[in-house]
Every structure is written in structure tokens, then in C-alpha cells.
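Got some structures for you, see below.
Look for chain A in each of the two complexes below; its partner is chain B in the first and chain C in the second.
And now, the complex of A and B:
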């Protein structure tokens, strides 16, 4: 355990106030239980997600940079933690663009002037994901020493989704050998949940596309992609798919329901956020972790395993 | 040349079939290659006959992702297909081989669905792994 990341700026992003509320709740409960300080970014805005980015990428860069400007400039933090893959990805991308693209710097300066705040300067802030936060601030040994209800007996497939590792060039800290995260075979969630006692199954679709971007334009393709992920996880022996992104999580949940309704293909695997699983291992009541808010209801499974 | 829908049906048939794992593995690798050939031909590129790390599939993927980083969203899927092919070839008599072959079929199915989806709507797919303007060409 290090002092690194023990107090960080927290950027929940829009999804964690809506469909991903259980992730928000469990992340905060986990931080509290582990003695880690999360200070929410004041007056934060949307990161630009896909809506702004698809129309004007530089507008997305500005929107993300405003969040970073507040965290670094107004609040004095050197680290911001974003649990959502979309937010995490967009902040990292904005950091990259502002370090490498003078045109992006120009747009950000212009819009920041209009917005009446200081523009974000690249290199002022480090953006991390919730997985980096737990892995660095607590570590596997720290988790092992705090486990009150081991996850032993639960078989978990970890699903990282696409944005956590792609494109590789915006994550310069990854692929740096032992101890660092891998873009080809990410393992931080595996390490954390294994330390909590879970059995991690080998899951070859851990970074595969879930069809999120096709959800509205071609729902059947998304459903087929998700169904394939769910069935592959079951074939690997998983009881649970652990997630670390609200968009991935709700996509898996919604298309699981849709696959049964539209294609008559029922899968039994449950989805839980890794923060919920880790919180359970630390002895927090599932209710405080928002388990009852998930569409994929894992309460009976947790009860059967003596974890609820 | 088989359509992507036919490739999908073929992958499902191999997934649910009873043939020997090695036989299924070879058929699946060919289906994966045929899928990437679709992508390349749709982008006016002649599919390479070269191999990368011993596999044409990886060479085809590299060719397909050139100038299109969003195609890297299926890079790991291709590498997992190759990995499973190697495992099945190395452990052909293992009791695990039939399960490995079924898992490989699911990977190939994923590749077919992903490429099929991207061929229908390439720009939307780009949200996942790169950032380019959706409406740049239409000035919406």
C-alpha cells in the first residue's frame, strides 16, 4: 500500500448519476470503507462522451479539459479518478490531444475564455480509472488483509470492454511490464478480485466489442454480440461477469433481457460491478453497495454463496 | 464467396457440431479469414496472402486496420482465435479440446458479428476505439 491516490478528485460523470447509479454508490462506499478520500469535482460537466465527440471532437476535448481544469486549477488536485470507461477514455484523450495537437490547444483556450475559466494545461493532472485507484492505493496485499467475507466459491469472468485500453497511444502508462496494466490482456480487475478470494476464469472476450455503439442503430447486432459474450462467459464457467464501466454493465444487462425476449436465448450469468464485489468481500451489506439496483439480480446467488 | 450471413451460420454450425476439435479449429480459422477478406474487399483492398506470426488471419487484420485504428477493436479477438487454434493443435487429445473448439467458434462468431456491424455502420463503431466526427461528410 502506498500513499499514492489516497486522496483524489472524483469525476463520476453522467452515467453514474443515472443508469450506473449502483456503481457510484458502491465506489463511494468502497472508498469510505478503505479510508480513501474521494472529493467530487465541483460543478463538473459531461465529458463529451459519444454525442459531442461524434459531431466535433475538439468540443469533446474542451468539455473533458474543463473537468480537468477545475480538478487541477480550482481544487488543487494532481489526480482525478473516473470510474466510467467513457469518461476515463475521454479525459485521457483530451490530455493526449492537448499535448500533441496545437489546434486542440487553440480551441480549448478560446472556449475556456468564453467559459470564464482558466484553460487546462496538459501535464497538470493524472487521470486514473477506479481500477488504478484500488490497485495502487490498496493493492492486493491490502485487500487480502481486509477481506471479511471471502469471494471463494464464486467464479468470475472479468469484462473490461473496449474503451479501457483503446486506442493504446492515449495510455502511455500501460504496457510497461510487470506491475503495469496490459492493453492486450488487462488484468487489474483479475488481480483485485482474486485477492478478494474469487476464482477468476480465463475469459477470451474480456475486451471484445459489446456493440454499444450499435445499440440504437442496429439493436439485433448488439444483442447478438452481448449474447455471445454472456454465453462465452458461461462456457468458461463463470457465475458472475464483473464490470468496471456503467455503459458496458447496462449493455450486458439490457441485451441479456432482450436476447431472451427476442431470440429466446436465456443466460443465467449475473452482472455485478467490481466495486460491489469488492465491497461485499470487505463485509459491506449488499444493499449499501446498490446490488438491489442492478437489473441483473444477483441477490439469490449471493445468498446461496453466503455473501448476502 | 460466402456472405457474412452464411459465414455466421457456418460458425454456429461448427460451434454446435460434433466434428473433431482439430477439424473444427481449421474450419473456424478459415471462416475468420473469410470474414476479414470481406472487410478488405469492401475497402477496395486485395486481401494479402502473407502471414504474420505464422497466421494469415493476423496479416489480414493488420492490413485491415491500416489507416483505420477503430478496426483494432477486433485485434484481440483475432489473437485469441489464433491462441485457441494453437491450444487445440497442441492438445488435440485433451478432454478440454472440444470445449476449446466451442469457445473458438464463439470468438469467430464475435468477429463475424463485429465486422458485419462495422460494414453496415462504420462511423458509429468508431466510438469504441477512436474519435472521428460522425457527421463530417454530411455537414450535419
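And now, the complex of A and C:
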């Protein structure tokens, strides 16, 4: 346990107020249980998700930078934590572009001036993911000492998706050797859940794509990609796929149903946010972690393992 | 020459002779299949320039055709015709008619960034895919793709209120693309959700659909974004259709 990240600005983003509500709930419940302060970014806006950049990449840069300017300027924080891969990625990308691309700086300054607020200046804020937050502020030893209900007996495949590690250049802190996160084979979620007692299965599709960007506009492609992930996890022996992104999570849930309905391919593996799994291990009641809100219903499995 | 990789050549470009004697040597049978020689004259020499002028296409000139992007590509794994390396090759050579043959699948790139991760030349192939899809639509080769409709619905909501309310995005998107909301799997999703959601959350979600979540102090930002995007679109239109603007004849699809 370190003193790092004990109080950070919290940027939930749009998905956590909608389909990813259970992630919002479980993240806040974890913060409370672990004594970590999360202060929600005031009056935040959408980061641009995966769509705004296809209209104009600099629109995404501006939208993300506005959130960062509030967290750093108005609120005076040096760290912002985003649990959604999309938000996390976009804030990181804005940081990178504003440090390296004068044309992006120009557009952001112009829009901020017209929008009536201070522009974000690169270097004033560190963006972290919920995985960095737990891993740094609590750490594996900290988790082990707090576990009340070990996850022993459940086999987990950890799924990180695309935007937590790609493209590599916007994550300068990764791939720095022991202790740092790996972009080829990420392991922070593995480390955290293993410390909570779970059996982690070897899962080759950790960073495969679920087709989240086209989940509705090209549904058959998304269903094929998701089915591949679900079936691979089952073949690896997993009972549960742990997730760390609301878009990945709801994509897996949605296309699990769609694969069953439209392709006649049924899979039994359940999805839980890593924050829900960690919360359960810390003895928090599943209801407070929003386990009942998940479409893929893991309650029977958790009960059978004595965890709910 | 026997052709081992026949699958890479379109059938109309292969000729097989039942009987063939070349320079007094009988080459009937296995030896008599040939690739039809052809001369290409319809190059669009500004194709690379036009695509490089659109967002994401900037680095296309750096490609050295190693194929790492296609090898890493998510969509290529489920559809071998989806081939970023090949399209970049065609664009760099100006082979517009060949590129246009694949017009209906290029938009399917899922932005997983695996290509960008793998590319040794910082081409950002993901960006090139978006620029190419954009170019195809700007030049009238394809209608707006479902993905482009989704991007527009989504972005216009951000510009309007600063935030996204998922239900509204889904309804507007289905409306624009003429799909029914009552699809089997969507109804099943709704059934499973409604069976379990606590009443308070359902009320909250219902309220969000009526009183849209919005960012405060957004008025000035909205005006600034609307103006910026209008300018941006004008620029893209003139850069991505340079030939059309210059009055040169447009080549249609030959495929």
C-alpha cells in the first residue's frame, strides 16, 4: 500500500450512468470500503467515446481536454481516474496529442476560448484506469490482508479489450519492465483477482476485440467476435470473464444473448466487473455491487461457491 | 507457369487452354493455365493525396507493405477479403477501380487498433481505413454506412447536450437506418434486464430519457463546436474530392 492515488478525481463517463451502472456502483462501493476518496469531476461532458473521432479526431481531443481542464484547473487535482476503457483511452490520447501536436493545441485553445473556459495544458494531470488505482493504492498485499471471502474455487478469464493497451504510444508508462503493465499481455486484473484468491486461467484472448465500435451498426461482426471470446474462455476452463470496461462488458452480455437467439450458439460463462469480484472478496454484499443489474446473471454461480 | 496461389487471382483473369503447344512443346493440362495479361491505364494519380488529406490518412505514404496490419487485423480473421495492406497498396498506386470493388466492406473496420500496434512504420492503418471509408462516401461510391450514421447520431447528441443518453442514441440510430426496434434478441435483452433491475434504477433510467442528462454551462461550447464542425466538414469535402472540384472527370466503379 502506498499513499499514491488515495484521493483522485473520478470521471465516470456516460456509459457508467447507463448500461454500465453496475460498474459505477461497484467502483464507488470499493472506494468507500477501502478508504479511497473519489471526487467526481464537476459538470463533466462525454469524452467523445468511439464515435466523435470519426467525425473529427480533434473534436475528441477537445471533449476529453475539457474534462481534464476541470479536474486539473477548477478542482486542483493531479490525477483523474476513469474506469471506462474508452474514457481512459481518450483522455490519454488527448494528453499525448496536446504534448506532441501543435495543430491539436491550436484547436483546443480556440474551442476552449469560445466555450468560455481555460484550455487544458498537457502535463498538468495524470490519467489512470481503475486497475491502476487499485493496484497502486492498495496493491496485492493490501488486498490479501483485507480478503474476507476468498474467491478460491472460481476460475476467471481476464478480458481487457482493445483500448486499455492500444495504440501503445499513448501509454508511455506501460511496458517499462517488472511492476509496470504490459501492452502485449496485460496482467493488472490478473494480479488483483489472484490476490483475492481466484484461480486465473491462461486466456489468450485478453486483448481481442469485441467489436464494440460497431455493436449496433454491424451486429453480425460483433456477435462473431464476442462468441469467439466467450467460447475461448469456456475452453480455457473459465466460469467467469472478469471485465474492466462498460462497453466490453455490455458487448459481451448483449452478443451472448444475440449469439444464442440469432446463431443458436449458447454459452454459459458469466461476466462480472472486476470491481464486483473484488468487492465480493472484501465481504461487500453483492447487492451493493450491483450484481443483480448484470444481464448475465452470476448469482446462482456465486451462491454455489458460497460467495453470495 | 503453374499458378499455385490461384485463389489470389480473380477467375476472369485466368485462362486455361485444353490443348496448347508453345514453341513446339506440348503444355496441355496442368501447364496450360495462365494469368491473363492486362495493361492498366486508368490510374488516379491523386488518389493517395486525396485520402491523405482526410483525417487518419496522413501517414499512408510511409507504408512499406510488410503486411503486419493485415496479419494482426480483427476483421481480416473473419473475412479474408478485408485486407488493409492490399488497400493501402492500391491507393498508393492509384488503382481506384480495384479499390472500389471492396467499397462495401472497408467501413467495417472496428477500430481495435491492432494494425496500428503492429505497424513498424507508424502508418496508423486504422486511420487510413476511416479516411478511405470517408473518401468512398464523399465521392459517391457508397451511401453513408450504418457506422457513419451511428457516429453522426452520437456526435450530434454530444454537441447538443454534452452527454450521451444511450436509449436515445439507439432509438435515433434505428430510426435513421430504418431498422425495427422489435428484434428478437433486443426484446430478449430487455426482458432479462427488466426482470431484475431494481425499480429505483428503472425510474432513474426512465427519467433520464425524459429529462436528458446534460452538461451545464454548455451553451457557448455547443455554439463553438457547431461552427468548428461545419468548417471541418467543408474542408474535408473539398480536400477529399479534389478532382471533382477541379472539374476532372470522375471514374465510376468498374467492379
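By definition in this document, the second predicted complex is superposed on the first by the 308 of 308 C-alpha atoms of A that agree within 3 Å, B and C clash if a C-alpha of one lies under 4 Å from a C-alpha of the other, contacts with A are read in each partner's own complex, and residues count from 1 in each chain.
Simple rule for what comes next: a residue touches a chain if its C-beta (ideal position, glycine included) is under 8 Å from a C-beta of that chain, and two chains touch if they have at least 3 such contacts.
Everything quoted here is computed from the prediction, not taken from an experiment.
Colleague: Is this a clash or a fit when chain B and chain C both end up on chain A?
Modeller: clash
Colleague: Looking at A:14, would you say it contacts chain B, chain C, both, or neither? Reply first, second, both or neither.
Modeller: Touch partner of A:14: chain C, not chain B.
Colleague: For A:218, decide between first (touching chain B), second (touching chain C), both and neither.
Modeller: In the superposition, A:218 contacts both chain B and chain C.
Colleague: So in the superposed three-chain picture, is A:156 touching just chain B, just chain C, both, or none of them (first/second/both/neither)?
Modeller: Once the two structures are laid over each other on A, A:156 reaches no partner at all.
Colleague: Going by the touch definition up top, name the partner, chain B or chain C, that contacts more of chain A.
Modeller: C
Colleague: Check the residue A:36 against both partner chains and state whether it touches chain B (first), chain C (second), both, or neither.
Modeller: Neither partner.
Colleague: Output check: A:111 vs chain B and chain C. Expected answer is one of first, second, both, neither. What do you get?
Modeller: Touch status of A:111: second partner only.
Colleague: Who does A:231 touch here: chain B (first), chain C (second), both, or neither?
Modeller: First partner only.
Colleague: Name the stretch of chain C, from among 25-33, 43-51, 79-87 or 187-195, that runs into chain B once the two structures are superposed.
Modeller: For chain C, the clashing option is 79-87.
Colleague: Find the residues of chain A that appear in the contact set with chain B and again in the contact set with chain C.
Modeller: Chain A residues touching both partners: 50, 54-57, 162-163, 166-167, 208-209, 211-214, 217-218, 221-222, 224-225.
Colleague: Can you check the complex and tell me which residues of chain A touch chain C?
Modeller: 14-15, 17-19, 21, 43-46, 48-52, 54-59, 62-63, 66, 107, 110-111, 114-117, 162-163, 165-168, 183, 208-209, 211-214, 216-218, 221-222, 224-225, 253-254, 257-258, 261-262, 292-293, 295, 297
Colleague: Given the complex with chain B, which residues does chain A contribute to the contact?
Modeller: Against chain B, the touching part of chain A is residues 50, 53-57, 60, 93, 162-163, 166-167, 184-185, 204-205, 207-209, 211-214, 217-218, 221-222, 224-225, 228-229, 231-232, 235-236.
Colleague: Help me check something: in the complex, which residues belonging to chain B touch chain A?
Modeller: Against chain A, the touching part of chain B is residues 69, 72-74, 76-77, 79-80, 83-84, 99, 102-103, 106-107, 109-110, 113-114, 116-117, 120-121, 123-135, 140.
Colleague: Once bound in the complex, which stretches of chain C touch chain A?
Modeller: Contacts found on chain C: 55-56, 74-75, 78, 108, 110-114, 116-117, 124, 130, 145-152, 154-155, 158, 162-167, 170, 173-174, 177, 184-185, 188-189, 192-193, 196-198, 201, 205, 208, 213, 215-218, 220-221, 223-225, 227-229, 232.
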